[in-house]
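Following are the structures in question.
Shared chain: chain A. Partners: chain B in the first complex, chain C in the second.
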Partner chain A sequence: MAKYIGKRLIYMAVTLFVVAALTFTLMKILPGSPFDEERFLRLEEAKQAEALARYGLDKPVPIQFARYIGNMLKGDFGISFYYTNIPVTKVIFSRIGPSALIGAQAILIGLAIGLSLGIIAACRHNGFIDNFTMVLAVLGISVPNFVAAALLQYYFGLKLGWLPIGFWKSWSCSVLPSVALCFSPLATCARFIRTETLDVLQQDYIVTARSKGMTQARMLIKHTLRNSIIPVITIMGPMVVNLLTGSLAVESIFSIPGIGGLFTESVKNNDYNVIMGLTMFYSLFYMVTILIVDVTYGLVDPRIHIAGEEAAE
Partner chain B sequence: MKRTLFAILMVVALLACSVPAMAQDNVLHTYVDRVFRTFSQVKGSDGHLFIVLGSLSEGLLRLDENHNPQPALAESYTVSDDGLVYTFTLRDGITWSDGTPITAKDFEFSWLEAMSDQDANGYADVIAPFIKNGWAWMNHEVEASEVGVKAIDDKTFECTLENPTAFWDRFITLPVFFPLNEEFYRAQDGGELYATSVDTIMCCGPFVVTYMDLGVGVTMEKNPNYWDAENVKLDGVDIKVITDSSAALNAYEAGELDRVNLSSIDVVLYNSDPEFGSYSDFRNYFVQFDVANPEMNLNIRKAINYAIDRETLVNEILMTGAVAAGGVVSRGIHGNDEMTYRDYAGDFSYYDPELAKQYWDAGVAELGYTPEIVMLTAEGTDFDDMATFLQDCFRKVLGVEVTINKMTQKARNEIMKYETYDFALNAWGADYDDAMTWLELWINNSNGYRGNYGTPEYIAMIEDARSETDSAVRLDKLVAIEKKLIDEDCVVAGIYDRGYSYLQRPYVDKYIVHPVGQSAEFKWTSINK
Partner chain C sequence: MNAQMNIPQELFTPAGDNTAKQEHIARQHHSAFYDGWIRLRKNKAAVVCAVIILIIAVMSIVVPMTSKYTYFDTDYANKIAKPSAEHPFGTDLFGRDQWVRIWYGTGISLLIGLAAALINLLIGVFYGAISAIMGGKVDAIMQRIIEVLVGIPSLIIVILFMMALPPGIWTIIAAMSVTGWVNMARLVRAKILNLKSQEFVLAAQLLGTSTWKIILRHLIPNTISVIVIQVMFAIPSAIFTEAFLSFIGVGLSEPKASLGVLINNGYKALRAAPFLLIYPAIAIILIMICFSIVGDGLRDAFDPRMKH
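== the complex of A and B ==
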C-alpha cells in the first residue's frame, strides 16, 4: 500500500511539472501584457525595462519558466500584478476559505439528501417518491446554479428576509449560496444511487438475504448501500474539486469574496503568477482527491485491489 | 388539482411578504462594483479606490459639491505671477490618526514617492510631466533636491511646475497627492506593505479605517482628530464590493444599501421612482480610426463621424444618463469662468445623415471601390450595445454592412498596436478637469493604439498650448487642437460621455459625485431619518 501511494506521488509530481510547463507556455501566448498598455506605452524605454525586470519579464520565456519552477520549489509563487505586489499565496489563500466552506456545505447537503432520496426511490420503484426524485434530478442537472442562486436570493433573502441576501459577514451568509450549489451534486447522487440500488436489489444475494428473513433496513445498510455506493465515490472526486474551488456566478451573485472569480480575472488581466499559482493549486488538489478516491475504493469494497501486486496474492 | 392550487397559493404568499426594515444608524451604506487592486495611494489609479482614499485621507485642497477646490490640509496658497510656483501654507494642529503632526515634509516625501513608483500601475506617469524635473526624477536622472517639490519649513510646502497649469488646484485633490509619513511608510517593508491592512495605513481624512479587504470592502468611522470634524455628519461609512448589478439592486431593496447604480434594463422600471436620479461623468467613448490605413481615407472617416445618431443611442439604447458627445472632450469639462469647454468650442461630432452620405460617396469614388469595413470592439456591455447600434446606423445612413470583430480587451489592443485596422471602439476617462487630458493622447505617431496619428503639426500645437500662460488664449488653442483632430483630420469621432442612473434613499443628503478623480465624496454627507 505504501509503495503504491509512493508511486502515485511520483506520478503526481511528473504530472504537475507537465501541467506547469503547458500552462506557462499557453499563458505566454496570451495577447498583451499584465500592464495597462496605455500607461505603459507612455513610459520611456529604461522605465519600461525597469518595470519588466521587477516582475522578471525581461528574460526569455524558458528562463522565466526555470526561474518560476525554482522559486516554486522554495515555496515562492511570486507576486500578483493585478493585486499590486501582493504575494500570490496570500491572494489565493485569502479567497479560498469562503469558496471551500460553501462548497463543502453544498456537498454535504447534496450527499445527505441525494443519497436518502435515491435509496428511498429505488425501494419504492415507480412510486411517488421515485417519480419526484427523478423530476428533481432532471431539474437539478438542467437548471444552472446561478438561476437557483438568483431565485433563492430574491425569495429567501429579499422577499422573506430569512437569510442575508449576500456578503460575507457571518455563517448565515453561507447558507443560500450552499443551497444554490447543492442541487447539482444532489441530483447526480440521487440518480446514481437509485440506478445502482435498483440493480443491486435484483441480485441473488439480496433475494437470499430476504428469504432468510432479514429486515429491510438491515439489508439496505449491510448489503445494498455498500455495493451501490462505488459509482458515487467515483463521481465524487471531480465533484468535490469542482465545488471546493468555487463558482464564479454564484459567488458574484451573493457578493462572496471567493476564488471563483479570481481565475477568470487573472486570465483576463494577464496576471501570470496568479494564473500559474491557481493552476498548480487546482491540479494538486484534483490529483490528491483522485488518489483519496482510489484508496477509498479498497476500503469500501475489499474485492477491489488498488495495488497490482496485492491482486496477485 | 388541489396540489397545484396549494403550490400557486404558496408562491403568492411568498411574493406578498414585505421587506424587513434594516437597523437604524448614522452610517452610510454604499458599494463599489469592482474589487480593489490595492489600497495604497502610491500604487493605485482606479476611481473606486479614490472614493475610499478621499474619505480616509486628504490633500492640500478638497473639491466641494460644485467640484471647486477648497482649502483642506492647506489653509491657503499663493501662485507666482508666471503661474509656475505654488506655495501652500498648512493648517495649525493637523495630525495623523495616531497623533503625529502632519508637516510639509509628508507632502514632499509623498509626491517624490508617487513619481518614483516602479509598478507601472499608479499615477507616476500622469503627474510626473507636470512637476519640474518630475519626469527626469521618475527616470532616475536627477537628485530629489532638483525636483520641484520642497518643504520650506514644517508648515510651508512649495511646488514648481514645468509649465503653467490652469487646472493644478483641481488636479492636486487626487489621492496620489495626499501626504505620507515617511517613517511610518518606510516601516511597512519599505512601503511594499503599506495599506495592506488596517494597521499598515495612516489616515488624516474625515474618517479612519476599521476594516479593509480587497474583495469584501472597507468600513470606516468618523475621525475625531480631523481638523474639520465638526462638519462631518456621518458616524461611519460602509463600502461593500458588489460586482453583480442585480445583486446590488436586491441589496438596495433589502435595505442594505443607501444608493445603487442601475443597469440600462432597470432604468426602464425605475425612472419614474422618486428615488431615481442620473448624471454623466468625464469618460468619453469614441471611434478610433487607423489613419495609416489607406482604405480609411479622410472622406470615409468623416462619413462615419456624421453617420452616428448619438441622441438615439444615449436616449433609447443606453438610457443610463449618458449624453451625446460633441467631440472627444466630455461636455462638462471646465472651459472658462462663464461656460464649459464644450459650450465654448461647439460640436465637432454630430449626426448629419446627408452630409455623411455625401462624404461616403466621395470616399468611395476616391478609392474606386466600396471598402469592407471591420469594427474592432472589446468585450464588455458598454461596447456591446453600442457596437450593434453603430452597425445599424451605418447600414441605414451609408448603406454599408460593417462587420463587428469582438475580442478580449488585451487581444484588441494587440491588433491596434501591431496591425492595420479600420476603426475601433475605445474610451478614455479624464485624469483631470481639462481638455488636454484627451488631446495629448494623440501625440505619438507610432502608437497604433491612437491610430498612428501624431503629425509634427499636431505635436507642435500641443506643445504650444502647454506653454501658454494666458488662460483665454490657451482655451482657444485647445479648441483649435480638437478641431484639427476631429473636424479637419478626423482621427477620432466622439460618441458619448458615460452616464449613471441610480436610486438613492430620500434621507441621504449631499452624497456628492464628482465627474473626475474621486468619484464620490462623503465628507459632507448626512443621513436625516
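== the complex of A and C ==
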C-alpha cells in the first residue's frame, strides 16, 4: 500500500511539473504583459527596467522558470497583477469558501437524490420511476451546466423572483448555483447505482436471501446496498472534477466570489500569476482527489487489490 | 398401452448417420457488425435520435446557404425583434437573423465536435495500438507518459491554450486535442491487450499467420466497436467544451457563431430578450441528448458485455 501511494505521489510530482512547464510556456507566448501597455511604453527606460526587475521579468526565460518553480515549492506564487500587491495564494485562499460550500452542497444533493432514485429504479425495474430516472439521467448528462445555470437564473431568479441572483450575501444565494451544479452528479450517480443494483440483484446470494423468505427491505439493506454502494466511490473522482470545471462558468454566471469565478476573471484580466497559481491548485486538487478515491476504494472493497497500475485503470 | 405394442417392426428405420444435419447452422451467418446493426435497429430511441442528428446536420448546411439572411449581416433598424414569420427565432442585438445564426452555429459546433473527435481517434488509436502491440519497454514508457497526462485537468489546459493561440475554429480543435486523445488510447490499448491473450489470436499465430495479418484481420476489426462508441461520446463532449469556451469568452469571436457564442450572447441579453438564450439552449440540449442516446444505443448494440 505504502509503495503504491509512494509511486502515485511520484507521478503526481511529475505531472505537476509538466503542468507548471506547460502553463509557464503558454503564459510566455501570451500577447501583452501584465502592465498597462500604453502607460508602460510612456515610462523612461530606466523605469521600464525597474518595473520589469520588480516582477523578475528581466531575466532570461529559463531562469524565470527555475525561479518560479523554486518559489512555488516555498508556497509562493508571486503577487496578483490585478489585485495589486496581494500574494496569489492569499487571493486564492480568500476565494475557496464559497466554492467549497456550493460544491459540497451540489455533491450532497446529487448523491442523496441520485442514489435514492437509482436504487428505487433498480428495484422497480422498467416501472415508472425507472423510466423517469433514466430520462432524468440522460437530461442531467446532456444539459451543459452553464446552460442549466443560465436558465435557472432566468426562471427562478428573474421571472419568478424566488431566489436571489447576482450577489453573495446569505445562504439563499448559494441555492441556485448548487442546484445548477448538482444535475451532473445526480445523473451520473443515479445511472451508476441503478446498473450496480440491477447487477447485484441478479446474484445468487440475493436469490438465496429471497428464497429464505427475507423481506424486500431487509434484503435491500443487508445484501444489496452494501455491495452496490461501494463502487460509487469510483465515480466520485470524475464527479468532483466535473464540479470543479462546472464551477468556472456557474460561478461567473451567479457572480459568486469563488475560485471558479476567479479563474474566468483572471483569464479576462490577463492576471497571469493568478492563472498559474489556480492551474497548479486545480491540478493538485484533481490528483489528490483521484488518489484518495483509488486508495479508499482499495480499503473499502476487499475484492479490490491495489496492484500497481491495475487499480489506476 | 397395447396399441403401442402393435406397431409393426417394419415401421422402424435406423436413424442413420446424420451428423451433417446435426451440425447444420440454421441461423444465417452474420458478421459481428450485422448482429450489432440488428440490435441497434431494434432500439427505437437510438434510431430516432440518429435521424434527428442527420436532419440537424443537413439543416445546418442547407439553411445558411438558402436563406436570404446571413449570419453576419446586421440590421440595426430591426434589432431584438421577437420571433415572427420573417425571423422565426427573432433577431439578436445587432439585428442579425437568429434562425440563420442558430443553424450556422449548430453547423460550426457539429464540425468542431466531429473534427476534435476524429483527431482524438487518430492519435488515440495509434498511440494505444502501438503501445499494446509493441509491449515491453515501449509500452511501459508510453503508459508512464499517459499516467502523467491523465493527472492534468484538461479543461483548464484547453482554456490556457485558447488564451495563448489566435482564436479560431482550428485553434479550438487543436487545443482540445492536446489531452483529448488519452481516453481513446487507454481504451484501445486495453482492448488490444485483451484480444492478444485470446485463443483465436494464439491459433492464428500457431497457424503461422504473420503479425501484420493478425493486426489487420483480427486485432483492428475487433477494436472498431470500442473506437466507434468512444467517438460517439467524444463528439458531444467536444461540442460541450467548445460551447463552454465560447461561453466564458475564450472561444470563437464574433461575428462567427457557434452554439456557445449564441448562448453567451443570449445570456448577456437575458433581461431584454430571453428567446435569444432559450432557442440556442434548446438546440445544444437536443444535440447533446441525441448523441448521448445514440452513443448508449451503439454501446448496447456493439458491446453487449460492457457495463453501463
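The criterion applied here is as follows: the second predicted complex is superposed on the first by the 270 of 313 C-alpha atoms of A that agree within 3 Å, B and C clash if a C-alpha of one lies under 4 Å from a C-alpha of the other, contacts with A are read in each partner's own complex, and residues count from 1 in each chain.
The criterion applied here is as follows: a residue touches a chain if its C-beta (ideal position, glycine included) is under 8 Å from a C-beta of that chain, and two chains touch if they have at least 3 such contacts.
A quick note: this is a predicted structure, and the numbers were derived from the prediction, not measured.
Asks: With the two complexes superposed on chain A, say which partner A:Ile165 touches: chain B (first), chain C (second), both, or neither.
Replies: Touch partner of A:Ile165: chain B, not chain C.
Asks: State whether A:Thr84 touches chain B only (first), chain C only (second), both chains, or neither.
Replies: A:Thr84: touches chain B, not chain C.
Asks: After superposition on the shared chain, which partner residues are touched by A:Leu244: those of chain B (first), chain C (second), both, or neither?
Replies: A:Leu244 sits against chain C, while chain B stays out of touch.
Asks: In the superposed arrangement, which partner chain does A:Ile253 touch: chain B (first), chain C (second), both, or neither?
Replies: both
Asks: Determine, under the contact definition given at the top, whether A:Val138 touches first (chain B), second (chain C), both, or neither.
Replies: Once the two structures are laid over each other on A, A:Val138 reaches chain C alone.
Asks: Can A:Glu44 be said to touch chain B (first), chain C (second), both, or neither?
Replies: In the superposed model, A:Glu44 contacts chain B only, not chain C.
Asks: Based on the superposed arrangement, let me know which partner A:Tyr68 touches: chain B (first), chain C (second), both, or neither?
Replies: neither
Asks: Please indicate which partner A:Lys268 is in contact with in the superposed arrangement: first for chain B, second for chain C, both, or neither.
Replies: After superposition on chain A, A:Lys268 lies in contact with both partners, chain B and chain C.
Asks: A:Tyr4 contacts which: chain B (first), chain C (second), both, neither?
Replies: Touch status of A:Tyr4: no partner.
Asks: By the touch definition above, which chain A residues appear in both interfaces, chain B in one complex and chain C in the other?
Replies: On chain A, the overlap between the chain B and chain C contacts is residues 30, 150, 153-154, 158, 252-253, 268.
Asks: If you look only at chain B, which of its residues touch chain A in the complex?
Replies: By the definition above, chain B touches chain A via 14-15, 17, 19-20, 35, 37-38, 40, 43-45, 118-121, 125-126, 138-140, 192, 196, 213-216, 240-244, 246-247, 250-251, 253-254, 256, 408-411, 413-414, 417, 444, 447, 449.
Asks: Quick one: which bits of chain C touch chain A in the complex? Just the residue numbers, please.
Replies: Counting only chain C, the residues touching chain A are 143-144, 147-153, 155-157, 159-161, 163-165, 186, 190, 236, 240, 243-244, 247-250, 263, 266-267, 270-271, 274, 277-278, 281, 284-285, 288-289, 291-293, 307-308.
Asks: Taking the complex as given, what residues does chain A use to touch chain C?
Replies: On the chain A side, the touching residues are 11-12, 14-16, 18-19, 22-23, 26-27, 29-30, 138-139, 141-144, 146-147, 150-151, 153-154, 158, 191-192, 195, 199, 241, 244-245, 248-249, 252-253, 263-264, 267-268, 275, 278-279, 282-283, 286-287, 290, 309, 312-313.
Asks: Give the list of chain A residues in touch with chain B in this complex.
Replies: Residues in contact with chain B: 30-32, 35-44, 46-48, 50-51, 54, 81-86, 94-95, 150, 153-155, 157-161, 165-168, 252-255, 257, 261, 265, 268-270.
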